[in-house]
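You will see subunit A twice below: alongside subunit B first, and alongside subunit C after that.
After this line comes the complex of A and B, so read on.
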């Protein structure tokens, strides 16, 4: 898994590639918590993400809870394999996916 | 012969008894009457003599004779008259006495005695006090009133024999009663006459009885005994020959009870002969049907695979099955056959009803199921199509419960469908048998357009599957108690150490011992299937790693590699990756395991993973479902991993064996 981080004003952009599994999910968690600060928008690009496990979902859920208080969270370019996970877990209805 | 003696003897004895009684009664009555008449005759004759004597006497002289004690010429003349009268009338004695002292003392005036008696007379003036005291009163009445005694004087002594006495008073010229005339007449003829009379009566009666008996016995023989014996002989003859012979019975034409007995027996013979004829015809028909049924039984038995072991060159499994029909032909059947090199189909079914209709239906159902399976269809599709076909022409309304499974020899995957059939029993390697209780589908041929739920079970080497029909748990003993599932599972476990054939034999023995003498009510069919190894075990890929999160990378690489080798496309690979990730991390976090092995193999239709770890017993299939409809803020963290596995995999099963958790995942290709 590799993570590219970019700040643009009050928006925080993340591009995650590879896979978010049980082993790598803590890294993503750390990257979001450290980089988010008081950003009012969190945008995560999953265009190169192969799959996500439940550990990754927990990270996304924690982030969503934070952003529910301080702004918006958007997920972009979700591959079918990852979308499958979102759908079977009901995450597709609580995440904003573009 | 016994009957002749019995009936004749009884009837004759009763007639004899009656005759003897009659004879005695008649003799006695005659004796009595005869005695009375004769005694009366003698008595009257004695009185006549006494009256005659009275005419001879001169009573006016009596006083003088007695007072002087002297006799005269007249006295002598009268005495001579009396003596001759005694002899001429054959009288015992004639005496004339004066009675004094209250009529107890007799003073003899005349006394004439028959010389044959040997007695001598009492002389004039002889006083005697020998009057019988019982006559005193009567004598006194007679002497005072002058009337004849109403009492019949009669006496009997050893010395003088029977005699009768007549006594009349004698009046003098002034009419005063001065003396009494006594005439004792011996009733000499009485004894001999009445003995003769009785003898005559007896002789005549006896003769009459004998005559009657002869006629009676003749009649008895002719009208009763002989016809009864004839009927008895005829009945005996009929019992031996079973041929009617009515002329003998028709000869007995009497209108009485015997006659009706004869005609009833004749009717019975006719009825029995026609009944026997019917019975013979029916029996012959039955024998014919029975012979055909036994051929049918052989054909039916021949339709079921009966050579064991059926596949001697297959070491991966062992199979044994048996069917014991309750009637000649049954509605139960089992079947097994190789669909291809790596799949074997197992069938256990029970047609509703019994006998020939059920057997015919069974043949159709069995053939259809086999043909469909050989086309390569999965069990659910097979039953769906067979159901529709059987429903087309099912006028009789028969149906069949079916358990159909197709076992993949190379992977241990058992796809099956249960259409209203009994729960299969499964024993994991080294473990006990338990019933796999799942909701069953509707029976086959019950209703058109049904679909059946496919179910999957994974069997591993050492596992054993037991299929059966309701004849096993519903076997009934003499008191209508069911054998039941509990006893069945108990018997299975008692025999699980044996090979499949011996285990079924043991099961049958258990059922037979339970049922005892009671008649088998239902067919009893059983099949045992033993898994020994996977086919092509070399094809199984595996990786063993320490139970550490750091190993996840290697594990996922292994998954990617084997799937890409197996030609799995992108989504399958990524979904399998997520699932293995979830389960592996679960094992690492919660299981306390030291190592984890991941196996992979594939069959024609699916990819199969097994995760084996030595951690604490943990069954992921029992995990609760998370609520995935809650909003982000309400969501709990956790439970999602297993949920994802359930959603992505087509099948997940768990078993704990030899201290290891084994989770099997199947993803259809």
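After this line comes the complex of A and C, so read on.
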């Protein structure tokens, strides 16, 4: 998994590539927590993400709970296979997906 | 792709552990049975004399009928049940269990009624010219026939407890049967002075107690088998039971016929001294069965399940493990009996040295082990004809021919203990070679149908419980599935199943190492995974789990993605199957 981080004003952009699984989810969690600060917008780009497991879903859920207090969280460019996981678990109604 | 695939490989760590767990109880079971026979003979011989021993020996056909019936019914139903479990058909497994119990009950009733009605003329026929032994034979045979029910029914817990992964309970049963028989023999023969009938009652009562214990364990909540109203009705199922039961029954039959034939030939060649020596050799040979029969017996429940799953990879690994473990045990046993040959000789009060006999018996253990492993494998894998051929050859035909030839040529009569096994191996090589030539889709020696493997749509591999290995395997499996033409969605689903199920199981086992054996298959429009694992008894998809608990989020994900998820506990290990 690779993560590209970018700040633009009060927005924090993450581009995640590869796989988010039990092994790599802590790295994503750390990247979000360290980079988020007081950002009011978190945007995660999944255009190169091929796979996400429940470990990744837990990280997204934790991030969503934080952003519910301090701003917005958006997930973009989700591949069909990853979208299936969001839909089956009901996360498509919890997360904001564009 | 090739280099990465090499790392998705199955090893024997998981199945070796499961096999060895059931091996010691099987060996101890056979040993305790043989010690029981030894002690029985000593006590009867001491108290009643040689007439008592002769009477028991003449009653062997009565005992044989009960053994043949019990082993035929129960081995056939048990092997079919293990295959059904391998196909995830639990209902059929329960129906087969119920059928075996009912059949044993019915057969016992029929044998008891007919046997008691014809006991007198039967005893006369068994005694032949030895009319003086008729009262003793009648006394022993009549009690044995009355005890037909426990003697036939005891096969049920013997087979099904092992299949349930509780082989150690079978050992307890055998210890109670053996120890109880010896204790009751002493009480009935000495203080109560019941004569030959006392010896028979000791055997019947001790068997009844052991049988009751075994059935009580099978009826408990922990048991994977339960009586149900469904019994087998279809003709093809009955035929399958008969085919699968035939090797075990024929083995009992031919072993007894061999004993009678060998005794007769040795008596003619060397008189009672040679027969007496054979009695000692046969007793030690019976102990050697603890290895040559115990090893395949321990593997048989697992082989049945692998056969039902058409899991050739696991079958091959297990058969190889049987050979390696059995070889090691045979070496140890051989060293012991050769070293103790003179001690054995003096214990039986023999003048001649038993060294040649023990040496040939030892040499014969190795081809004998191979024959035994193969006959059990063929019986379970659908080649009962070859299992029966091996049994007929080693138990009767080649034993008789080898001994006849040795006596004719003036060679050591004990050579037959080795040559009969070697000749059987040669017969096996020829017969299996012919079959392989006619059916080239089957492997050369184990005759396993490789059609699924050749299509390239099954894959067996083993995984440890490290998160890194689980996640790496998940990724490689998804890649492999995509490359063999499984759709992207299913490929990812299989990778997810591996990761979610295994990480949850590793977490639940809290640091205790767990090993996984995985089979991925995509056959006839069915794609799925079978994951087998040790550790705690744990069903990741149990409805008792709190669905809102984040720990079970992954399992919930898989149960929603999959068409079916199934959990079983078989031979003491957990099995999960995910079908997409």
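The criterion applied here is as follows: the second predicted complex is superposed on the first by the 98 of 98 C-alpha atoms of A that agree within 3 Å, B and C clash if a C-alpha of one lies under 4 Å from a C-alpha of the other, contacts with A are read in each partner's own complex, and residues count from 1 in each chain.
Just so we're on the same page, contacts are C-beta pairs under 8 Å (C-beta built on N, C-alpha and C of every residue); 3 or more make two chains touch, one makes a residue touch a chain.
Only a predicted model underlies this, so the values are computations on that prediction, with no experimental measurement involved.
Novice: Based on the superposed arrangement, let me know which partner A:81 touches: subunit B (first), subunit C (second), both, or neither?
Specialist: In the superposition, A:81 touches subunit B and subunit C alike.
Novice: Of subunit B and subunit C, which one contacts the greater number of residues in subunit A?
Specialist: Comparing subunit B with subunit C, the partner touching more subunit A residues is B.
Novice: For A:68, using the defined touch cut-off, is the partner it touches subunit B, subunit C, both, or neither? Pick first, second, both or neither.
Specialist: first
Novice: I'd like to know which partner A:19 touches here: subunit B for first, subunit C for second, both or neither.
Specialist: Both subunit B and subunit C are touched by A:19.
Novice: Touch test for A:47: subunit B only (first), subunit C only (second), both, or neither?
Specialist: neither
Novice: Which partner does A:10 contact after superposing on A: first (subunit B), second (subunit C), both, neither?
Specialist: In the superposed model, A:10 contacts neither subunit B nor subunit C.
Novice: For A:58, using the defined touch cut-off, is the partner it touches subunit B, subunit C, both, or neither? Pick first, second, both or neither.
Specialist: Both partners, subunit B and subunit C.
Novice: Quick check for you: in the superposed arrangement, does A:89 touch first (subunit B), second (subunit C), both or neither?
Specialist: So A:89 meets both subunit B and subunit C here.
Novice: Kindly list the residues of subunit A that each of subunit B and subunit C touches, one partner per complex.
Specialist: 19, 21-23, 50-51, 53-55, 57-58, 80-81, 84-85, 88-89
Novice: Show which residues of subunit C lie in contact with subunit A when the two form their complex.
Specialist: Listed in rising order, the residues are 467-468, 470-471, 474-475, 478, 488-489, 492, 495-496, 499-500, 503, 550, 553-554, 556-557, 560-561.
Novice: Going by the contact rule set out above, which residues of subunit B touch subunit A in the complex?
Specialist: Residue positions touching the partner: 549-550, 552-553, 556, 570-571, 574-575, 577-578, 581-582, 584-585, 628-633, 635, 637-638, 640-641, 643-644, 647-648.
Novice: How about subunit A: which of its residues touch subunit C in the complex?
Specialist: 19, 21-24, 50-51, 53-55, 57-58, 80-81, 84-85, 88-89
Novice: Report the residues of subunit A in contact with subunit B in the complex, numbered from low to high.
Specialist: Against subunit B, subunit A makes touches at 19, 21-23, 50-55, 57-58, 61-62, 64-65, 68, 80-81, 84-85, 88-91, 93-95.
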